[in-house]
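Here's the structure, in structure tokens; my notes come after.
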Amino acid sequence: MIEGFTALYIFMLSAFTGYEVISRVPVILHTPLMSGSNFVHGIVLVGAMVAMGHAATTLELTIGFIGVALAAGNAVGGFVVTERMLEMFKSAKGQH
Amino acid sequence: MIEGFTALYIFMLSAFTGYEVISRVPVILHTPLMSGSNFVHGIVLVGAMVAMGHAATTLELTIGFIGVALAAGNAVGGFVVTERMLEMFKSAKGQH
Amino acid sequence: MDFLIQISYFAAAILFVLGLRRMSSPLTARTGIHWAGAGMLVATLITFFWPGMENYLLMTAAIFIGGVAAWWTGQKVSMTDMPQMIALYNGMGGGAAGAIAAVELLRGEFHSDIFLTLAVLGALIGSISFSGSLVAFAKLQGLIRKPLRFPLQHGINLLVFALAVGYGGILVTTGDTAGINLLVFFGLALGLGIMKTLPIGGADMPVVISLYNALTGLAVAFEGFVLNNAAMIIAGTVVGAAGTLLTQLMAKAMNRSISNVLFGSFGGEQGAEESVEGAMRPIDVTDVSIMMAYAERVIIIPGYGMAVAQAQHKIKELMDVLLARGIDVKFAIHPVAGRMPGHMNVLLAEADVPYDRLYDLDEINAEFTQTDVALVIGANDVVNPTARSNPDSPIYGMPILNADQAKNVVVIKRGQGKGFSGVENALFFADNTRMLYGDGQAMTGELIQAIKQY
Amino acid sequence: MDFLIQISYFAAAILFVLGLRRMSSPLTARTGIHWAGAGMLVATLITFFWPGMENYLLMTAAIFIGGVAAWWTGQKVSMTDMPQMIALYNGMGGGAAGAIAAVELLRGEFHSDIFLTLAVLGALIGSISFSGSLVAFAKLQGLIRKPLRFPLQHGINLLVFALAVGYGGILVTTGDTAGINLLVFFGLALGLGIMKTLPIGGADMPVVISLYNALTGLAVAFEGFVLNNAAMIIAGTVVGAAGTLLTQLMAKAMNRSISNVLFGSFGGEQGAEESVEGAMRPIDVTDVSIMMAYAERVIIIPGYGMAVAQAQHKIKELMDVLLARGIDVKFAIHPVAGRMPGHMNVLLAEADVPYDRLYDLDEINAEFTQTDVALVIGANDVVNPTARSNPDSPIYGMPILNADQAKNVVVIKRGQGKGFSGVENALFFADNTRMLYGDGQAMTGELIQAIKQY
């Protein structure tokens, strides 16, 4: 169980990491990066699967089903859209 | 106890944080920053105090004593030297 | 097995961070999404082996349905419609976080009140992000046309927010998390997302979507704590922090503040409209074609109108024609030209304009004085000299492209339409400016034909 | 109490990270060390309340002794001696990590073999950093004068390393951590640090010190795991990673690679010395003073010789005299002029030369062609045009200041002494260059007197 101060430390360090990784990104990458980080929280799929996998009642199962479908949409859609956008930047030829 | 995967996560995230924080630092700050990070690991003082505080034999106590004295030197010396160097950069007047 | 799952999640977390890191530099951006994608794949596959799971068939069906739908829409959508698709997928993520919270609250097995609180918080944030993102999608897709403002808007929103938090508090303190209160709580949270987003203008949407993106990340992290899932905790928090910073950066690039986007009403309540002296002088295609055919240096400035007219391919053709005549052609790209950051870069790249012809504001602004023709295609605000000169103007202080310093300026637009900011553009009335009225794509096509005759 | 301790450590960790972050930007650097200092203070004070501790009196004495000694030396040391003091304090940190490991190994109470392994690893790394840093200190302080090389050096070092690791393995596998093996293990580790550092030249020391700094960080982190101390884990790991990157950056700024620093022998085994055509032409103070008094634009280029001669205050005076005559004076600062990064900046700041007169390589290199006099004071390698022209030169590829493009170049140095790289300098033989032989401080003083007469 990740809890107490350990949880706080992980939260704080992740926040620092996320913040620092993005700092100083050029404006033209704002949209692809928004889309890319949108893809990353698609990891919610993993949680939705676990929740649905342990659902007991029909109500829980239904909500879990919706959750998994939505999460899968987040992950797959986020990937496709980001990949398509970044492909456009392929002509970069080492410049910027 | 911080162990197992939690320990790994904290280690990885701290490493990311440290790496990212330093990336893109200007050359003129290399020496003060080396000195500053030297100060930060002076936190070893805290550990040396705990080790010495629980020392049982005379040998342990002696080594603990040396450890605390060295650690205090690291922390205090690191601070003084860094502070003196950075003070030199005071005339920056908002530029660079 | 548990060890394998943990190590996979660990690898996924590392891949996410490294992927995001690579995505934030133009040189490595493309590989970044692949790294993150690999992490996602590993994490998803290993989760099938999570101990004690059931409902595999239905689960696979759900993944299939959601995944295929998203794959298909994501492939089909045109580049100009990207922002709303991001909003849609982001909303789905928020909804999923809300769904997880709902299931866990219905089951009601929490190790401590802290985890219960985190579940409720994640549900609140995730639901707001879900309904808010859907509204953002609907607006950008043109399903909702106008910013909907109602009286006492801020007050009512605040009340709903307080109620939602209050009901959340009731859930935590009573511990009765499976009753009617849960329903009311979710209803309030979803309503809040809708009401908060409805009044915001379509052009502010990129900032709003980025904000909801950060919120979804946070919701995912909170539910990660509830499920004791390190991958969710780390990925969610990283996105939460990165998204927050990105939101700030985007708002700054557009010369707005976040609170102004959320609570203000840009373009609605301007001060006295400044009057610009003089008149706009029209020109026809033949004259423009002569001017350009015998120019030495041409700078093309695309804007939102190019996106509307889908004129990028024609513009690439125009560039080729001019280059064939030995004319030096450059593109001046304003960071917030269009309706999303990097909009022009993406469109021109799609049309195969080489990246090294695109110049940033800083790189090109000094060159306008030596330029024979500055060709403005569907841009307006980003070339408005008022931003330099008039402190009362709403766009004052925004860095602009100094097109007005070129020897001749030609502006292609359909009519007297204003730009996003609604401010009159002094450039159009300048002595060295001529207006070529018409649709961006059509006019560029005619121009190409005319130039080819020389 | 435990909660208070934990929350203090948490605050300290945050303050460390934020402090380092601020230290890496010139604008906020000074506040950064204060933030980190506040974190250290809080963490240290709260540790007195750690449950079950004894030996308070001795502990306070130890802190007092170490602290006062460091305070006193740190205050007293001159700016030019900074690198060796950093080495000394860093070595103390490594020694402390080693001492913690020794105490824990003697007590022998480990929760699992993983913690035992970490303790041993930390001891190894910490001890290497301890003895290595002390050697680095001794070298820079002039206590050890020459790089000590012995035959089969790399082979022997490798052997000692293998032995140390082997003994570490014995400690872990036998679990007998309080016997003679412990002594041998520490002996080997300490010896390794000495032997690894002895052969490295004094001028490479900044890179080496930075490396040991990162190693100490890592050792502290490992001992942090052993003591279950989150503040040590995080601060140590952050420094370990930051220090590793910093080492790379420093090596790169000096045009070296880290492995070259550790295993190579720069300046020892050069190829054929290139012969430079022509002769050095001396000049006397009077001629230089006329040249400068009637110049319009002067650029001053300080180097290691300015630090040796402690000429910075005189140079500031020279600047004032020239400015009073309406002459435009700028300083061109090469990133690795001197013997540590930022060396010139620190010295000139100490002498109150305003920061906005100091220009980076990139900023000033274009200006030399419009400069009447480039005054080189104790710089050599950083103005050597060979780095641009001769691919065989050991300094080839290093970016240099283009002093040779100025109308007149005056070089103040004591004689025919070479620079750090040992390479002949073509600039000194150029037609537009004149040599003013003498100590940097004395010559600048004479120059000031002479100029004042006009």
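Each chain carries a letter (A, B, C and D) given by its place in the written order, and its residues are counted from 1.
Rule of thumb we're sticking to: contacts are C-beta pairs under 8 Å (C-beta built on N, C-alpha and C of every residue); 3 or more make two chains touch, one makes a residue touch a chain.
Bear in mind that the values here come from a model prediction, so they are computed numbers and not experimental data.
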Q | Far-end chain from chain C, centres as C-alpha averages | A | D
(Q) Centroid of chain A to centroid of chain B, CA atoms only: how many Å? (A) 34
Q | Computed distance of Cα centres, chain D from chain A, in Å | A | 41
Q. Roughly how many whole angstrom separate the Cα centroids of chain A and chain C?
A. 16
Q) Which chain D residues touch at least two other chains? A) 17, 21, 230, 234
Q.
Could you pull out the residues of chain B that touch at least 2 other chains?
A. 2, 6, 9-10, 13-14, 16-17, 20-21, 24
Q. Pairwise, which chains touch?
A. A-B, A-C, A-D, B-C, B-D
Q) Given the complex with chain B, which residues does chain C contribute to the contact? A) 6-7, 10, 13-14, 17, 21, 230, 234
Q: Flag every residue of chain B that touches chain D in the complex, lowest number first.
A: 1-3, 7, 10-11, 14-19, 21-57, 59-61, 63-96
Q: Using the touch definition up top, name the residues of chain D that touch chain B in the complex.
A: 9, 12, 16-17, 19-21, 23-27, 29-30, 32-34, 36-37, 40, 43-44, 47-48, 50, 52-56, 58-59, 61-71, 73-75, 77, 79, 82-83, 85-86, 88-90, 92-93, 95-100, 102-104, 106-107, 111-112, 114-115, 206, 209-210, 213, 216-217, 220-221, 223-225, 227-246, 249-250, 253, 333, 335-336, 340-343, 345-346, 349-350, 352, 354-356
Q: Spell out the part of chain A that touches chain B in their complex, as residue ranges.
A: 2, 6, 9-10, 13-14, 16-17, 20-21, 24
Q.
So in the complex, the part of chain A that touches chain D is made up of which residues?
A. 5-6, 8-9, 12-13, 16, 20
